[in-house]
Amino acid sequence: MFAEVNMGADSSAPTVRATVVQASTVFYDTPATLDKAERLLAEAAGYGSQLVVFPEAFVGGYPRGSNFGVTIGNRTAKGKEDFRKYHASAIDVPGPEVDRLAAMAGKYKVYLVMGVIERDGYTLYCTVLFFDPQGHYLGKHRKVMPTSLERIIWGFGDGSTIPVFETQIGKIGAAICWENRMPLLRTAMYAKGVEIYCAPTADSREVWQASMTHIALEGGCFVLSANQFCRRKDYPPPPEYLFSGTEQDLTPDSVVCAGGSVIISPSGTVLAGPNYDGEALISADLDLGEIARAKFDFDVVGHYSRPEVLSLIVRDHPAKPVTFTSASEKTED
Amino acid sequence: MFAEVNMGADSSAPTVRATVVQASTVFYDTPATLDKAERLLAEAAGYGSQLVVFPEAFVGGYPRGSNFGVTIGNRTAKGKEDFRKYHASAIDVPGPEVDRLAAMAGKYKVYLVMGVIERDGYTLYCTVLFFDPQGHYLGKHRKVMPTSLERIIWGFGDGSTIPVFETQIGKIGAAICWENRMPLLRTAMYAKGVEIYCAPTADSREVWQASMTHIALEGGCFVLSANQFCRRKDYPPPPEYLFSGTEQDLTPDSVVCAGGSVIISPSGTVLAGPNYDGEALISADLDLGEIARAKFDFDVVGHYSRPEVLSLIVRDHPAKPVTFTSASEKTED
Amino acid sequence: MFAEVNMGADSSAPTVRATVVQASTVFYDTPATLDKAERLLAEAAGYGSQLVVFPEAFVGGYPRGSNFGVTIGNRTAKGKEDFRKYHASAIDVPGPEVDRLAAMAGKYKVYLVMGVIERDGYTLYCTVLFFDPQGHYLGKHRKVMPTSLERIIWGFGDGSTIPVFETQIGKIGAAICWENRMPLLRTAMYAKGVEIYCAPTADSREVWQASMTHIALEGGCFVLSANQFCRRKDYPPPPEYLFSGTEQDLTPDSVVCAGGSVIISPSGTVLAGPNYDGEALISADLDLGEIARAKFDFDVVGHYSRPEVLSLIVRDHPAKPVTFTSASEKTED
Amino acid sequence: MFAEVNMGADSSAPTVRATVVQASTVFYDTPATLDKAERLLAEAAGYGSQLVVFPEAFVGGYPRGSNFGVTIGNRTAKGKEDFRKYHASAIDVPGPEVDRLAAMAGKYKVYLVMGVIERDGYTLYCTVLFFDPQGHYLGKHRKVMPTSLERIIWGFGDGSTIPVFETQIGKIGAAICWENRMPLLRTAMYAKGVEIYCAPTADSREVWQASMTHIALEGGCFVLSANQFCRRKDYPPPPEYLFSGTEQDLTPDSVVCAGGSVIISPSGTVLAGPNYDGEALISADLDLGEIARAKFDFDVVGHYSRPEVLSLIVRDHPAKPVTFTSASEKTED
Amino acid sequence: MFAEVNMGADSSAPTVRATVVQASTVFYDTPATLDKAERLLAEAAGYGSQLVVFPEAFVGGYPRGSNFGVTIGNRTAKGKEDFRKYHASAIDVPGPEVDRLAAMAGKYKVYLVMGVIERDGYTLYCTVLFFDPQGHYLGKHRKVMPTSLERIIWGFGDGSTIPVFETQIGKIGAAICWENRMPLLRTAMYAKGVEIYCAPTADSREVWQASMTHIALEGGCFVLSANQFCRRKDYPPPPEYLFSGTEQDLTPDSVVCAGGSVIISPSGTVLAGPNYDGEALISADLDLGEIARAKFDFDVVGHYSRPEVLSLIVRDHPAKPVTFTSASEKTED
Amino acid sequence: MFAEVNMGADSSAPTVRATVVQASTVFYDTPATLDKAERLLAEAAGYGSQLVVFPEAFVGGYPRGSNFGVTIGNRTAKGKEDFRKYHASAIDVPGPEVDRLAAMAGKYKVYLVMGVIERDGYTLYCTVLFFDPQGHYLGKHRKVMPTSLERIIWGFGDGSTIPVFETQIGKIGAAICWENRMPLLRTAMYAKGVEIYCAPTADSREVWQASMTHIALEGGCFVLSANQFCRRKDYPPPPEYLFSGTEQDLTPDSVVCAGGSVIISPSGTVLAGPNYDGEALISADLDLGEIARAKFDFDVVGHYSRPEVLSLIVRDHPAKPVTFTSASEKTED
């Protein structure tokens, strides 16, 4: 039953307008992708958005359908060349592309959460960058566990980049794609007080919606999931780029990633989306008073925890294979 | 009377027929409730079920709508008398009712998972009991954290009763109602290898389905959620028993708990239910091969964990306020 | 405010009639004291009592006002002779006086709780004995910590004699005099489930009533406190027996112990007494349903405990200075 | 008899003037409540008080009569909004309101013991704060076990905030409301040597006095119990704020919390109060020599303990659901 | 100071007349020794004695001054022959000499405590035998630890023969010679409740008196120490029997064992003896009420013990090098 | 003023000059008592003493003759005030008085064994402190079992403070007053190898000498017993301080404690004392070679023990009623 009396919207708590971007990378063309990002950002800002969240790997691209030429015990020269080009499209953090993104956030006066492929030497990371409306780069989250074949192209983040930023519109953090299925990672973010939980993803299946709703309920937070909407033609044409195994079934207009971006409230109510129709901006007004109302019933790291029975240790120091003792360590958070 | 969904089963892995019971307690009448449990068990067994899961608090009852006369800083004598009667309906573990349930499981040759109200002196616990087809009582799980007003009628389980039992039909465990929202508790059960995850509940809202689907995906396990379906007339009539605040809006036929019992596979597929129509047996054949297929992609405590970053401590010793050194401690698991 | 609506006495829980005896020992004359005990028991049984509680040291006597000739670093021969006579008035457990008390309980078909001075070799203990209506001796509680000057005449009980007996009229235990001020001892008894808490005492001050009420509330149990009512003439006349320091102010009729025996319910309501007027039988009907109603709010070792923060260890094995390995240890409980 | 000869007041031990404040929160208005606290503090200091104790939840308020819209298995949107407002009235520790309280203590040169509602993210705690006459915040005690419906609005403190502060006027600690009924918690405080035992409460029933007297005797300490005196009009008028179940019987002048604040000496003597008449300052001079005189007879954790039989373990480390290894843990005491 | 007021002898406790025999063995002549024992017994009985205690090794003899021809790494044929004769003078238990001693006790109606050399195959034991006035053999105590050179002629008793016999004149036990210096052995006897502590000995030095007094105080018991009074002529003349090293200094009348037999009360008062003058019967009346008066202050295994700190284990089962499983063990006590 | 016995010393084993102090506390004046201790220490050191032993309770005082106003079941306000003053005269360990004593030992370069009244909260202990010539506090022994009326003013030590210190002059330990009658406690000290056994006492009766001699023989150790010599005028005059029962018989010069301090060798030889004449320093040279000579015959925990029959368990962990898990336990030994 759990009937609820509608009390109207007379709450005095602040409201935040947020936009989730559902759009595709310009594959292998990072400058063009940044231009596209700026157009979308301008549009969202024009609508009044204070927070804009982009999909996983928007800058650098999500190499959907590729297998980088690997089978068990074998690899191809083309696959290696595919990786070289993918590596070339990635960005250094910090670096000029990061500067440009920071400037955009400042220009349009929004909080910006952007999925990128980060290049650290010759290892790539699936990363999310955070910027504030004053044009500052705040920090990053590196995906801690890539899924399946992602493990051959991306490294694993450590515990030092699971930030939650206290901002003027609430506490913001991000988990990428199936990281959202990791209960201990989510709990680390809950413990940091996340209120606006961003979930850039590449999963457009219907069951993804269940996880997003569950996280909103579990965390007592707003959940903003951003996915790309891509057709075959958003990737380079064959034979340069191949959707291995399915290429023969695809036309240029075939949808290869259906989106499903969504915004959900702490009580599990879908505020906007999911959209499976095309590129789009999905927006909603977030009544931050909802958080207290939801946590009254269930505060996962507060009154509903049992720390004396169940306690989580988060090793959040940087883990590096080589440490030079002369260098004073500087870590981001 | 009871709808049953039939699921084809061509897998070579073992298949288990399971039934989730959606039915109401005979409130304040524990012997009659046990009689009803036996009728339902017989029916499920007749259909070939090997595992039968009952809702939260089926024996002892879920005192929906009651407030036990408490407001902040106040309590009424009627509320205390309500508690005395509720206490009288609860069962000791072990005790004669447990013996009867064990005998039932043995008679009908099923694994039985039964929600009960356990009486331990003058504190009650919301507990799930487990029985095997040989008629043995296997052990129990006490709810570790009651929700909201439940905290005034039930105690809190400790870490010593979070069992997962290895049985001939797979590893079985249970989490009760909003315990299912506790990511650390679920992770403890995943670590114990739960394959058939039972979720007796009292939550019939639609968002409950999202959590059930999410848990199936996150845990790579079958999820079997059992809820009661109750009308106002399943509770004693006013003024003996009052649905405070809503009593005036109810007729004897008003639905006060709509069920929503469901069975979901490790890939997030709904196998049977949710049923919101009435008392019912919801059954499905569980292809245990699904578990390996799901964990190939995502094994939450295996290849998809990051133990060097995120590690959970579970204190699973009994916590007792008073320990007598002469007693040899016996703990269940 | 804590206002409570009076719900009348329609409860279905059982009721027990209990009597607290307020009377004086026949000092130095144990056979006569036992005769008097039988007369009082007969009277209480005639009134329908199912449980009769006698004061501390009723058999053997409470040597009020005596100082046994001790000052720091000194002792007198008269004091030693006083002890020899006091030792001679004490009883062995088991022994013929225990047999007689058991027979009395059987004859009058009551549960009997009797304060005695127990002789174990040349050390005395302030002990309470328990008997059932079938005429069995159930066991004993030895005072674990005598008060002040009592420490020179009585030994200290160990953790093996803190029994709570499960009987047909509820769980019965006893704490003697200022033992009732020991929070850890009380908690041990609460953990054993005491429902009828007997408090034989020698303290007749008004503040004693506060402790009795507090214990009823804290333990959620009935509290039955029995004290002697004694005049000077109930003790041998001077110079054989001296109330040191006050003898000169006393006439034979002077009250030297004013009683104050009382029966209190788990909600802190005084059901009978306190009586400060003379020897008396104080009786009340105990509605056992009160216990569940009280524990709903506060269950000191149940839902209101925090065992993961505060836990008590009770070493309840016998502590003996010398153990002979050939003897099979027998301990009472 | 326990007669005591009056020896006059020629003791050379120090005397402390203490005041217990019996007054109501300005509900939902924390700044005004702090203004009122300062007026009362000034008045007490003018009278020469060295220690001022306020009631439970004085800052933040005790939401008497509210039920926050919960029944078993149900909750209302109004109840959730009530919680949001209550959450907004609570204070962070440390935080600006704590700074203001510290400044007040310094300005009026008193030890200040103040009941507050502490906000820690979205979980609230019923907390007592301690300040010294130099204007320092000393630390806090969080209620370890809320009572009844309080469990739906307040979290549970752990063992790390059960402080006893050694000050120039003696050792000061606090237990809140029915925590005072927890024998193991009290024993932990006794073991820390509490001499001035503060008992901020919301219980104005007569039986509360018995517990206060008992604790003074048991602990051999001064007990200072502070309760609010509130009329219906001290809370927002209906329908914003409702005394559920009794609202219809109340006028604006109805007394909803009758006070009963009291100061008791280690021998159980009532030094001031209980006052059931209205808002008031209750003051007394505490002769600290009383403590030694009382403990001569009964030292609950000293000569009257039996540690080899009964020993209490206090787990006084902080219990947190999530620990970040990079953070150096700081705990208060 | 410990001044004691003389209270006269108006005590009602029983009094026992006891005699300690100070006399010499007829060396190498056991029948003559038994005749002498009977004469002494008759004399004591004629005086009214109810208890008669003989010295260590009265029957069989204490081979004072002999070295049985041993030096380190050497032994002589004469020494071996000395042992053969000594072995021949010893008695079997049971056996005809034991029967004769039992008959004597019955004839003179006394409790008899007799030091003997017990022969068990080819090992000898220094033993004390106990008999009652009805002519029964009660049991024995074997010396558990011989002193110095005794270790080459006597075996070591085990824990199964440390009896204390409950008799009509009190609880009687015995420790032999320097066994009396063994605090753990004494404590075992205290724990068995010894009231009349017999100390047959061969030590006639003055410091022996200090130990006897100390034991009376420590054990709160009467101590009866019996020693032989021997001149050189009580042993065979040289060269058959040699006092090695001192023979040349001795005349037939030289005193080789000076006696010192004594009776001491529980308060340390010497009641009779010590006698260093010749063969004698030393007698005293034992006021058994002294025991309670003494234990009032100090009860070594009762109120003055600290069993939770210091506890003694006594392995009182028989220790045999070879056990035949077909034999049901019979042990004496 | 102080008599000193000189003992020749021709042994080749090391010899230690030791002094036992026989002097009275300055009652109720701890600073003056410490001044007096220093004067006595200086005098002993001037004579060449390496070890100085003071009586029981020298600092803090032995409240001889007082009864602290208690009779069975009664106590007076004056008695309580007496306790408050006595409590005020006691010292904390560690604390400033301990620092001063350590400094004294260092200044005069002696081992110092000092009887004190130790204050632990509101419970007092009769304690002996040990210091070395380098000015270090070594540790303490708390009396494990007070005698008679002492039980109302002193707590009971546990097994953790029965130290024997290995020093440059031998192994030193202490047992206080009638602890010396406890055979199991002495055996614990023997097992720790005590060579210089200190026996601070308050017992000046003649029988005390027997126990001292016996212990020297039993333990094969030097025994140094120190007692106060006090006259009535060494205590405050009546009515402030009363020798109850005997006050009327006393003049200011009446001897109320006659001393009897003594030094005895392992063979039972009295080396110095006993002195019953007045305040005195009793000194002797201890030939440590005596120990081996004595143990050749009798080694109570060595060749003369029978561990397979008689074995003692010493529980030497601290026993505390309340343990805080955050505190690192520190125990002395």
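Worth a mention:
Which chain is which? They are A, B, C, D, E and F, in the order written, and residues in each are numbered from 1.
Heads up, the rule we're going with is that a contact is a pair of C-beta atoms (placed from the backbone, for glycine too) under 8 Å apart; a residue touches a chain by one contact, two chains touch by 3 or more.
Not measured: the values here are computed from a predicted model.
Common partners of subunit A and subunit E, by the touch rule above, are C, D.
For the touching copies subunit B and subunit C, the fraction of interface residue numbers used by both falls below half; the interface is of the different-residue type. Taking each chain's centre as the mean of its C-alpha atoms, the one that lies farthest from the centre of subunit F is A.
The chain with its Cα centroid farthest from the Cα centroid of subunit E is A. The distance from the centre of subunit A to the centre of subunit D, each centre being the mean of the chain's C-alpha atoms, comes to 47 Å. Note: centroid distance subunit E to subunit F, computed from Cα atoms, is 36 Å.
Distance between chain centres (mean CA atoms), subunit B to subunit F: 67 Å.
Residue positions 1-3, 64, 68, 73-76, 148, 152-153, 156, 158-159, 184, 187-188, 190, 246, 257, 297, 305-306, 308-316, 319, 321 of subunit D are each in touch with at least two other chains.
Taken as a contact graph, the chains fit none of the simple arrangements: neither line, ring, star nor complete graph. Pairs of chains meeting the touch criterion: A-B, A-C, A-D, B-C, B-D, C-D, C-E, C-F, D-E, D-F, E-F. Considering their complex, residues 68, 73-81, 83-84, 87-88, 120-123, 152-156, 158, 315, 319-326 of subunit C touch subunit E.
By the touch rule above, subunit C contacts subunit D in their complex via residues 1-3, 64, 144-145, 147-148, 156, 158-159, 178, 181-188, 203-205, 207, 209-211, 213-215, 217-218, 246, 255-258, 267-268, 297-298, 300, 304-306, 308-316, 319.
Within the complex, the subunit C residues that touch subunit F are 62-76, 148-153, 184, 202-203, 243-246, 257, 321.
Per the touch definition, subunit E reaches subunit D in the complex via residues 308-309.
Note for the complex: subunit C touches subunit B at residues 1-7, 11, 13, 159-160, 187-188, 190-191, 193, 220, 289, 291-297, 299, 301-303, 305-308, 310-317.
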